[in-house]
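Below you will find the structure I want to go over with you.
Chain IDs A, B, C and D follow the sequence of writing; residue 1 opens each chain.
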């Protein structure tokens, strides 16, 4: 089942694998966004991260994001893989691939996907620093849209 | 020399190879834009494309784009590979990888890169259709900025 | 008894990934109140979403016999 | 004689990737005029940029003895 378009996995993510899922003869552009584990955040040093997910619901919500994107940007293909478990610095946490006929849409749809992931997909990150650990919540500090979908201008802050 | 950050090549491009060049412990995001050969454009069917480049100058201009990006978005890593020669439908023509500490910058810097490529990098595309062929020029139909650099608002049309 | 799934901070607080509670017929809002009273160690807030059968539920939804409920604290994927 | 590199449509029109022309001391603008007169089959326009030694040149640049000139028609990479 590793060829699911919307996948939560404990395995390392291969960028090419996700990109290949959106390959399309009528795509002129593929945007691939990769979220990686960063070492320093506001002067604080991360040792490693742990991600946990409500896996079946998370995959459904990723698929919902794919549907929202296809509705807003027709003729688009979307694949998203999110890794869970323990991740080291520089590991890939999420890979979003979007193919579209024209390039601008690929950027916009990809950015929409990452913002929506941070709103509705039940995945949680626990940061492990030298001096402690903490489950991170509500990074966006804004309204959740569990059922509907936000307007693009609401994504651009 | 395949590990050059700014490369013109006749070989197939591997996405992972370009992405790996911008891997950075302090990157939280990598945006990877892939330009592919699209079959249908405005109802016209492309059979294949040929790209030609003034190779040494093209690599210099790609590097210049990298410098412009680092100046506008600090702590950014950039790698760009453009393929030349004959390309089939769905082949990768260009791969741009940009790593940044925060995700918004990765999208903006990547979009800047593709727009600048279409302005200043001496690479030319010849479309081969069923009923003819043509060197494509001036897709942007706007002012060239051979030495300076455009403002972001000029890129957003 | 209704099965409640817990994740992240909440499963650490409960020292378990699941709980069972008598909640059939209750609204989501009433269920949250009851759960908080029964398990004061759990951090349940306005921001804690409730999923029923893997879909976000409205506050006025009435819990059915076979429902699987999950507490969804603010998410932080990506 | 100055070496002129041609690409894309221009090299097809000239049936060659290079030409040689007497252009030392000329400005870029004068060089473009001369080249167009000498090779009327070439499509040279306002949009045709001139590179000198792999860098775009201004119209008033004066061509030096060892310069390598390239004609850069509107680009279409990406």
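Throughout what follows, a contact is a pair of C-beta atoms (placed from the backbone, for glycine too) under 8 Å apart; a residue touches a chain by one contact, two chains touch by 3 or more.
Which protein is which chain? UniProt says A, B = Molybdopterin synthase catalytic subunit; C, D = Molybdopterin synthase sulfur carrier subunit.
Here the structure is a predicted model, which means the values were calculated and not measured.
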> Measuring between mean CA coordinates, which chain is farthest from subunit A?
Replying inline: D
> When the C-alpha atoms of subunit A and subunit C are each averaged to a single point, how far apart are the two points in Å?
Replying inline: 25
> CA centre of subunit A versus CA centre of subunit D: separation in Å?
Replying inline: 48
> When the C-alpha atoms of subunit C and subunit D are each averaged to a single point, how far apart are the two points in Å?
Replying inline: 72
> Where does subunit B touch two or more other chains at once, residue-wise?
Replying inline: 35, 114
>> Could you pull out the residues of subunit D that touch at least 2 other chains?
In response: none
> Quick one: which chain pairs are touching?
Replying inline: A-B, A-C, B-D
> Which residues of subunit A touch subunit C in the complex?
Replying inline: 35, 51-54, 56-58, 60, 82, 93-94, 114, 117-126, 135-139, 144, 146-147
> Of all residues in subunit D, which touch subunit B in the complex?
Replying inline: 5, 7-9, 12, 47, 49, 51, 54-56, 70, 72-78
> Mind pulling up the subunit B residues that touch subunit A in the complex?
Replying inline: 14-16, 19, 23-41, 89-90, 99, 101, 103-104, 106-107, 110-111, 114
